[in-house]
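The following pair of complexes shares a single chain, subunit A, combined with subunit B in the former and subunit C in the latter.
Up next, the complex of A and B:
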C-alpha cells in the first residue's frame, strides 16, 4: 500500500467537505461488498448556468492509482457524454489530466472538477477525441448546441439519486 | 585455523561476535538475494531468515547462481537456503516460501531482527517492508539494480530518509489521447496493441457493467449511441470463429477508426496524417504472402530480430487472431467469463501484439520494431546483470558491519554508475528524514485486542479521542480510519461503527491508517492490530502518545529541484548531481518485473 496516496486522498476529502463547491458532489464510492473505496470516487458535475449544459448533472468516475498524486486520476463520464474532448468510452481528454502536459501533484480534486466543468462548455478543438461531436461543432453550431440542450435535459436529476443524499 | 580467523583479524573479535549473534532478515532471494545470501553465510552471519514467494524460472539461471536447471519450478527461498548451506553448513537459515505481506510476518516478527535487508524487485513490497521496519524500529538496508546501475542505502527511523521520503519514479504511462488518437513513437503503438486492442478483444469485459440502467431508461438515444459506438469492436465478437471475423476486426481498427481520426482535421495540423488500410488492400496483402510460417525455413532467433513488411504483418495478424479466437471460443465454452491477459512468453499473443503494433506504426508512419524489441518493451524486461548484483551485495554487507558496529554515520548511499568518464561509485551522506514525509513522520502504535469483541466504536471512543492523560491518543478533529484503500469510518461513513473488528475483516497483523484533521493540521497515526482471544481487558495500547505530531503539508510546488545542502559529494566530477538523478530513475527494479504498465528509462 502506498501511504502517500491514501493520506493525500483523505486530505482531499476533508478539504472538499470544508471548501464545498455549490452544485457539485464528490466522494468515494461504495463497492459491492459495502466498503468505501478511497481510490474510486464518483462525482456529479453540474452544467454551467446559462449555457447549453445548464440543467444537466453529469456523473464522473475518478479512478486513482496508488501512484497518485504523482500521476493524475483517470476521469471517465459514466454514461459517456456528447462532447468533442470526451472519448466514446467516457474518458476525458484534458491537459491537466495528462501527466506529460499540465498535471501537477498539487492539482486538487476540486481543481479537476472545476476544470472539467469548464471544458464541457469550452471544448478544445486542438485535441478532439469524439468525432461526431467534433464534426457537428465544426459544421453546425446551432445543431450542436441543440443536441447539448437535449443531453442536459436527459442527464441526471440529482434529487433522484437516493444514495447521494445519504452519503455525500 | 578455523574459517573465521581471517574475518576475525579484519573485523576484530568484538565486531565479529556481534555479527555472529545478530539476526538478519533478507527479503527476496532473486538476483541480489542469491549474491547476498552467499555473502552473508561467508562473512560471519549465523542467523538468517529469508523469504520469497517466487519459484525458480529458466530465465533466472544465468545470474541467480544458487539455482540450477533441476531446481526449475521449486521455491526460490528453499533452494537458496540449501545451496547456501553448502558454502557454509555452520549457519542457521530459515526459509519462508511466502509473501512478506502475509499476516504472520507481523510487527513482533520484524522486531526480532537486528537488520532487515531488502533484495526486492517491486515497489509495493518495498513500501511494505519500509513501513514495517519503521513501525518495528529496525534498520533496513535497501538496494536495487538495473543493468549496470545499482544502489544501496540504509534507512533508520528518525535518523535517515525512509524509502518514501522522496517520490519514486513510477512506471511510465501514456495519456489516453496519445495512445488512441495521436501515436508518435513505437511504444505508443505497442501500448495500444497490448493494452487496448488485445485487451478489448480477449481481456475481461470490465467496467461496462457499471453503466447504470436507471439512466438509460430515459429514452436517451445520444448516450445509447455513444455506448454502442464504443462497444463496436466488442460487438464484432458475434462473428468470432467465422471466416469474416479477422477481416471485420482489421477493417474496424485499421480502416474505420483511422478514417474517423482523419476527419478530425485539427489533430493533423502539425502531425503527419495516418494512412488507413482498406479491405481491398488487406485482401491483397493476404494474397501476396499466403505463408508466413516462419519456423519452417528460418531459425527463431533470426525471425524475431527481423522487421517484417506490412504484408507479412497483415498475414501474421490474421493467423494469430484466428488462433487466439479459437482459444477464446474453447475457453468460453467451459467458462463464459473466460478471458486472456497479455503474457510475453506466449508466442501467439506476442506475435499478435507485435504484428498489430507494427501495422499501426506503419499507418502512422512510425518506425517499426522487431519482435524481440517489442517483447522487451511490452513485457517490461529489464536487463539484470550478475556482476552488478554482486557489487551491490558486497556493499550491503559492509553497511551491515557498520550498523552492527554502531557506526551508522559511516554508512552512505552508494550509487553504482556506468560512465567511464568518472567514478564508478558515487557516494552521498545519508539524507535526513523529509519533515513532510507522510510515511516516516507518522506515529506508530500497536493495539492488542480481541477482534471478536472490540468494535470500531471502541477504537474511536476508548483509544483515539480519549485524552492522552487517560491512556488515550487525544485526537481532536475529523477522524478517518482506513485499512489499505478501504475507508472504515469518517465524518460521513459511520454505518460500521458498531461492527467488531472481525466483522469488518481487520484481523491479526493488519494495520490501520488513522488521520485526524484538526483545523488544517493533519495528524497521522498507524495502528497495528494484534489479536488475542484470551485478552482479559478491552485493549493494550503500546506506543508513545507524546510522539504524535502533525505532518507539514506538502511543499507548494516541486519546481526546479532545490540544491540539497546537507549532502556531501564524494565524487569529484561536476556532473555528479546529474548522474545521481539518472541513477535514481532506474533504481526500482531488480529482476524482470511483472508490472502491468510499460516501463522505460
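Up next, the complex of A and C:
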C-alpha cells in the first residue's frame, strides 16, 4: 500500500517539476533534519486574474495518508481563507476531495490545485462550510467582493515568497 | 369458520405478479385441474389473519437473480455482466428497465454506467508504451485492464482500488472506473478477476444484502445469525388493515410490516404508539398531575401527605390552602368553610384533575394486563424447563414413550403463543373506541384468557403416575380448546380490520 503511495507521490513531484503550472508552486515540506517529508506538501495557489482573488497568493497544506491515491489528500488553507466552502479551520470542502463523492485515484495533484483555484472564484452554494462567508455572499454580494479584494491584497506579499517572483 | 367465505375479500391486498395463483369466477377457465385442487387446498389452510409469504435462502435469491439477469441479457442482447449492472441500477425492476431501455437506450445506459455495445469483456493484457495514471509506472511489460470506457490502469492499482472500495467502504453495485469523472461501473466478472477470493466473497454478499434492502417485498429475518429472507407482497398502506405475521425457517416469528416479534392482533401503527407510550415517562407526568398540586407562588410540585389543608411550601415557605389554592392568611382559623371551594375556577380545576385521573386509571388497567402477560410469557421459559424434567420423570414412571409425552411441550408452546396474543389484545383494546363491536372483542378476549389460565394451571399440576393418562387427556383437550379460542379471536379481529369495523381513538 505505502509503496504505491510513495512512488506515486515521487512521480507527481517529478511531473510538477517538469511541467509546472504558471503562478503555482507545490512540493513536499522539509523535515528538521533536512529530508523531504513526502506525505506533507505545501502549495501556493494564485488567485485568478481579473477576479476579486487577483493578486492574492494562498498557502495550502496537502496531507497525504498511506492510502493515497486510493484516498484523497487532506487540503487545508493556512492561514484559513474567507470563502463559503472553506471551513474556519482552513479545510477545503470540495467533492473531488471527498472519498465518498467524486475522488478517483487518477486525479493528480495538478488537478487538485487547479480545481481549488477555480473553486475560489466559483463557490458551491449547495454545501456551505463557513457561515459568515456564505451569509455575506447571499446577502450582500458587493460587500462580499470587497472583502475578497482586501483579503487578496493582504494575503502574501509576493516579495516574501522568492520563488514566485519570477512569475510576476 | 366456514370455508365458503375464504375466497372472498381475502385477496384484495395480496397479489401475485403472474396472476395465476388466484381464481375468481371469471378467471377459472385458464387454470387446469391440477392447479385448481392445489389452490383450494392452500386456501383452506390459510386463516383470515394469515398472509401469504415465502422464505428464501441466499442460494435461492442468487438463483432468482441469475434468471432475471439472463432474461434481460437475452432481450437486450448484451453481456450478462452488463445486464446485471442495469438491473441493479433499476433496483431489479425489470419491466421498468426494459420499457425505459427501449425508449431511451442512450440515456438509460449512460445513467446506469454501462456501455452495452461492448464487443468484449475487460481482459488483462499487456499494452505497448503503457503508463498507469495511478502509480505512474510505465513500460511494455505491465498487465493492465480497461473497462469499455477505455480508461486503462495496471493490475495492481486496479485490484488495490477495488479492494479498498469493497473492504473499507462496503461499496458493491456502484464501484466506478478509477478514472476522473467516469461513471462506468466495474462489472462482477472484472472484480472476480482482480480481487482475492475473500474480497470477492464479501462483494457478492454485499450485492445480496443490497438486493434485499432495495426490494420492498423482501426483508431479512431479524433473528440473530439467521440468513433467510422473507418475501411478502404487502404494501405499507395495507398495514392499517392487517397484521402480516410471518415465520422464518429458523423458527422466528415476526411481523413483516415492522420487524418486531409477532404482535397479532394489534396493527403495527398501534404497536409503535403503545410501545412509545409505555417507554415514555409521560405517564410519570400524568401521575404528578393527578397526585400533586403546584405551589401558587414558586410552582414546585407538592404532594399532600397529611390531613391538614394548611400547606406550607418547603421550598419558598409560601402558606396556602390546599382546597382553594388561595393564600392561607385570608382563611384565619376557618379553612373548613373555605367559601372559594365552589367558585368556578376551583370546580374546573377539580374536574380536570378527575378527568386526568380517569385517563390514567384506564391506561393502567390495560398496561397492567399487558405487562402481566408479558411477564407470564417470560416465566413460561422456566415452566418449559420444569416441563422437560417432568417429561423425563413421566417416561421413567410410566409405559409412555418419548413421543407420547410430547403433549406437555406442545401445551407450553400453546400457552406462550396465546399469552403473546393476549398481551397485544390489551394494547389493541386501549386504542379501541367503546361500542358494541368492542364488547364482542372483549368477550373473545375474556374467553381466551380464561381458557389459557386454566391450561396454565393444568400444566403446573402435580403429576401422579397412575393418573398420567387422565392428565394427558385433559391437557390435550384444553390445548385444542385454547387454540380454537385464539383462532376465533384472531379471525374476528382480522375480519374487523378488513371491514374497518374497529374505530380507533387517541386516548
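Observations on the model:
FYI, the second predicted complex is superposed on the first by the 158 of 168 C-alpha atoms of A that agree within 3 Å, B and C clash if a C-alpha of one lies under 4 Å from a C-alpha of the other, contacts with A are read in each partner's own complex, and residues count from 1 in each chain.
The rule is simple: contacts are C-beta pairs under 8 Å (C-beta built on N, C-alpha and C of every residue); 3 or more make two chains touch, one makes a residue touch a chain.
On a predicted model such as this, the values are computed, not experimentally measured, just so you know.
Number of subunit A residues touched is higher for B, counting subunit B against subunit C. When both complexes are overlaid on chain A, the residue A:67 reaches subunit B and subunit C alike.
Once the two complexes are laid over each other on the shared chain, residue contacts for A:111 go to subunit C alone; subunit B is not touched. Touch criterion not met for A:20: it reaches neither subunit B nor subunit C. By the touch criterion defined above, A:102 reaches subunit C but does not reach subunit B. Of the two partner chains placed by the overlay, subunit B and subunit C both lie in contact with A:4.
Look at A:134: by the touch rule set out above, it reaches subunit B but stays clear of subunit C.
Within subunit A, the residues touching subunit B in one complex and subunit C in the other are 1, 4, 7-8, 11, 67, 70-71, 99-100, 104-106.
Across the interface of their complex, subunit A is touched by residues 133-137, 151, 153, 156-157, 160-161, 164, 169, 176, 178-182 of subunit C.
Across the complex, subunit A is touched by residues 124, 127-128, 131, 164, 167, 170, 173-177, 180-182, 210-212, 215-216, 218, 220, 222-223, 226-227, 229-230, 260-261, 263-264, 266-267, 269, 438-439, 442, 478, 480, 482, 484-488, 490-493, 513, 515, 517, 522, 524, 551, 554, 556-558 of subunit B. By the touch criterion given at the top, residues 1-4, 6-8, 10-11, 13-14, 17, 27-28, 35-39, 59, 61, 66-67, 70-71, 74, 78-82, 87-91, 93, 97-101, 104-106, 125-131, 134-135, 147, 150-151, 154-156, 167-168 of subunit A touch subunit B in their complex.
Here subunit A touches subunit C in the complex through residues 1, 4, 7-8, 11-12, 15, 67, 69-71, 96, 99-100, 102, 104-108, 111, going by the rule given at the top.
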